[in-house]
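What follows is a group of structures, each given as structure tokens.
Shared chain: chain A. Partners: chain B in the first complex, chain C in the second.
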Partner chain A sequence: MAGHNHPSYLKIYIILVVLFAVSVIGPEVAPMFGAYAKAVVLLTAFGIAIWKAYLVCAYFMHLKFEKVYAPYILLACLSLLFVFFFGTATDAMFSNGHNWFKDLDEEAMVKEAEARSYVLNKDSHGDHGDHGHGAHDDHGDEDKAH
Partner chain B sequence: MAEVAHAEVGHGDHHDDHHEQSFWSKYIFSTDHKIIGFQYMFTGMAMALIGGYFAYVFRMQLAFPGASIPFWGTLSPAAYNSLVTNHGTIMIFWVAMPVLIAAMGNFLIPLMIGCDDMVFPKVNRLSFQIFLLSAIVLIISFFVPGGGFGGAWTAYPPLSAKAEFNATPFGAPLWLIAVTLEIVAFLLGGINFITTTMNARAKGMKMYDIPIIVWMIVIASILFMCSVGPLVAGAVMLLFDQTMGTAFFDANAGGDPVLWQHLFWFFGHPEVYVVLLPAMGIVGEVTCTFARKKLFAYKLILYSSVGLGILSFFVWAHHQFISGVDPRATYLFTTTTLLISIPVAIIMFAYIATLYGGSIRFTTAMLFGLAFTGEFLLGGVTGIWLGSSGTDIYLHDTYFVLAHFHYTFVPIAIIATFAAIYYWFPKMFGRKMNETWGKIHFWGTIIPFNGIFIPLFILGAGGQHRRIYNYQNFPDLAGADMQDMRVFATVSLIIMLIFQLVFIVNFIVSLKRGEKAGKNPWKANTLEWITESPPPHGNFGATMPEVYRGPYEYSVEGREKDYWPQNEKPEPENR
Partner chain C sequence: MAHQIIATGRSRTGIPTGRLAVWWVIGSEILIFGGLIASYLLNRFNHGPSWSVEAANTNTFIGACNTFWLLTSSLFVVYAHAASERRDAAKTRMWIWLTILLGGFFMGFKTYEYATEIHHGFTLFTSNFWSFYYTATGLHGFHVLCGMVILALIAERDVKHEKNWHRVENIGLYWHFVDIVWIFLFPLMYIAK
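Then we have the complex of A and B:
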């Protein structure tokens, strides 16, 4: 095998086509499985997608025949994708604004102000200097409500 | 350049004699890694002049607001924004990156690991050509209507996304295109560095025999490859926002401006380490050679750099503590930010431990290397306040931040680069640079450098915000004492820039009239010093070197000479 260790690409291709067929048919027939329908959809759609991705990376991208650091670099990039996603999700997943608000959207501003108003009302006779900060810190859950 | 004819060398199809190549094919469309390294280095140095000139102009405006500036004229607010933006962009993307990684990587990696060229010479040439194109696009952007991009080098939307905010309708897209092209260029270069180091090492060179700078450049290239994707994606999205009316970062249309900050800094913070690691590698080589001692804790330095690289992907949001990121995330990012100082400190202490008990030679290169260690420590220590989310609320976007990252970036991009140039100049051009003028240049650089940024620390702690055109409009910041410090910083900058002329003259004169260096002027061990200076095409002549030991065997007991080149056979009398 040394020197000439390429697999049969046609064989891999046929396997990929079969897997593709399974991933199309799987979700179609999933309702037949009743309570397990969700699991069947996940397995046939996503499970097989991962398997197919592995086959493409390993054989068509030659990672199986590369030195060991090449797949490691790919895995590192893949894991960074998750790092980036989870680092950003808390801010970017809220299309209505989570920690910022649309300052030209008056209706939203009014709602925002109302949602925060309990802080303002609590000591409306006191010193007004700190209200900006206090309101900003405490608004986390109210935003999700509207 | 090299007088030796080496037509007998069997190095592929490029072994024709130097005299037969035209200037065009030898210097402009060369695939020789050394020439490509020089191309990167000289382009980077030319861009450094532009960046330095920009710094001079806007520092003059800050010190003497509204006055007519020599060699510029009166500075308008829009032009001020443009200068500040492009100073930052140029110094990071077109000076630090090409000189530290591309120039040093191209020149040193094949020489230090003992092979005749990069494994993909034409990819290498393409890399420089794209880089040159990116530099040209950036320079063109200064002359389009509205001038160069004026939305700060971090290009935060909404300022960067709409021409009515940044006032540079053509400069902004051109800036984004230039940055994207520049990134493509360095990806191509990085592929070469990694592959060459992994596959083309000299016979006998094991992983732990690779000089530390080569390791650092490889790790930096991997960091760059892993981090750059989000920025390219973000740059294209921002370009669409600017030119095609999309709203990826427009809050009024459902976009998210903070998302850009994530995309930018996910690249931007590893980028700091992308340029830091090669600088540390340079300083490691220089320190070792001139302390005549084995590098302290080679493996620990190597593992620390890898750890540094991994950790650098978990710290990016410390740039965004006050831009409205989730407060829960700030705990996490404060912790990781403070953690990342540990590997940096390990490497720094290893360099200091290398000095301990050595017989130190204070050449110019060594002085710059030592200055890097000292000044970078100052930059790192001031980062502690900025990394903790509590103190950052006060210090964010003040001149304290500015002084902090200049205390890290100037040692990286200027001081370490000078160390490298003074150290490898004999190998690059066959002659030494003048040491006396080198030392004058050293003190003329280091003292004004501190003169610029120490006042800026004080001003920043006093509340002076960044990116302000004229502080006279702010009663709290317009006091005579604060203005005096601004003038002091500006005068220091002018002195520092004037002393760079010493370097330029020394460089040019030494090219022609410097003392002949010979093969190994510094008595160093690594493989680049065993070949001619400058190295011929193909680097090592007919026989490629074979490696028998690590790169830092200095002052080994029982040996007559205090150095032990990597290629020297263990028992010469046996053969």
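Then we have the complex of A and C:
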């Protein structure tokens, strides 16, 4: 790909770093947007991730200047991925179907996750490490009891 | 013995053989990492509350530092490619080794992060979230490690002896892809809590 003029790599890098900063700060300030908080997180975290990936592909990987077959290869694989996602999503997103149901108690899963959470329990325990192991061990005992 | 013919280009696509092979590798990697990420998303949609509590335990600062190392290493490897096109062996090797250095930073931070999480009781078998976390980031870390080894081999076996310059671009494509995977893993594992 020596036949094309290189873009300013430093300029692309600076844009990437600014986008990265926005993707970190965005979710932190999202609660200030009230009802739109979730949309702000999705936009700043995932929308920007797609934008960053595009910049890396187009300019650092030179896909913008590559022969058309390379993007076709990548798009073909990406399409297969969407087939996989939507093919399995029809099963995975439902909790029951013909002759099957998922016996999952989300409330109990949240309680288990909270019990072993280092972040939620760090104020009430001096030694973080001991707490984490303790919580995990308790969970293991529960499993054995079942 | 007859002269061995090595196909250096594919006339149908107009893309050199090595580079075309790397595009196919990246295509297959899209399915590997994409499949993992798609499965993660399906689970996240189904178990939002519990996975949210689990995700709160990941270290955003370390994740952010690792994103910065990889973004910067992407710039360095593209500089190495530009230097290789000028056939400047010294500069190419310098940028390649700086890329490896940042890859080392990434692996160092990741190791510290893993050690801390395991110390707090979060292992591969703690829950579905942690299984996905260790599988996705572990597989990615393995790709970073492989990239570092290949970069070092190209710097010392090819660029040093001013041969096989095209390999710099090929490993660069792979390295950028590894960066792109982390661009998606970072918000999934560290930001969306």
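Methods note: the second predicted complex is superposed on the first by the 84 of 146 C-alpha atoms of A that agree within 3 Å, B and C clash if a C-alpha of one lies under 4 Å from a C-alpha of the other, contacts with A are read in each partner's own complex, and residues count from 1 in each chain.
Basically, a residue touches a chain if its C-beta (ideal position, glycine included) is under 8 Å from a C-beta of that chain, and two chains touch if they have at least 3 such contacts.
In this text the structure is predicted, and so the values were computed from the model without any measurement.
Of the two partner chains, chain B (first) and chain C (second), which one does A:56 touch, if any: first, second, both, or neither?
After superposition on chain A, A:56 lies in contact with chain C alone.
Touch test for A:17: chain B only (first), chain C only (second), both, or neither?
In the superposition, A:17 touches chain C alone.
Report for A:46: first if it touches chain B alone, second if chain C alone, otherwise both or neither.
Touch status of A:46: second partner only.
Based on the superposed arrangement, let me know which partner A:110 touches: chain B (first), chain C (second), both, or neither?
In the superposition, A:110 contacts chain C only.
Have a look at where A:9 lands relative to chain B and chain C in the superposition and call it first, second, both or neither.
Only chain C; A:9 stays clear of chain B.
Give one of first, second, both or neither to describe whether A:27 is in contact with chain B, with chain C, with both, or with none.
A:27 sits against chain C, while chain B stays out of touch.
Give one of first, second, both or neither to describe whether A:67 is in contact with chain B, with chain C, with both, or with none.
So A:67 meets both chain B and chain C here.
Tell me which touches more residues of chain A here: chain C or chain B.
In the superposed model, C touches more residues of chain A.
So in the superposed three-chain picture, is A:87 touching just chain B, just chain C, both, or none of them (first/second/both/neither)?
first
Starting from the residues of chain A touching chain B, keep only those that also touch chain C in the other complex, and list them.
Correct list for chain A: 67, 69, 73, 76-77, 80, 84, 88, 92, 104, 137.
Which residues of chain B touch chain A once you look at their complex with the stated criterion?
Within the complex, chain B touches chain A at residues 198, 222, 225-227, 229-230, 251-252, 254, 256-259, 262, 266, 313-314, 316-317, 324-329.
Within the complex, which stretch of chain C touches chain A?
13-15, 20, 23-24, 26-28, 30-31, 34-35, 38-39, 41-43, 45-47, 49-51, 53-54, 56-57, 60, 64, 67-68, 71-72, 74-75, 78-79, 82, 85, 119-123, 126-127, 129, 169, 172-173, 176-177, 179-180, 183-184, 186-187, 191-193
Could you please specify the touching residues of chain A with respect to chain C in the complex?
1-2, 6, 9-10, 13, 16-17, 20, 23-24, 27, 41, 45-46, 49, 52-53, 56-57, 60-61, 66-67, 69-70, 73-74, 76-78, 80-81, 84-85, 88-89, 92-93, 104, 106, 109-110, 112-114, 116-120, 128-129, 131-137, 139
Chain B touches which residues of chain A in the complex?
That would be residues 67, 69, 73, 76-77, 80, 83-84, 87-88, 90-92, 95, 97-105, 137, 140 of chain A.
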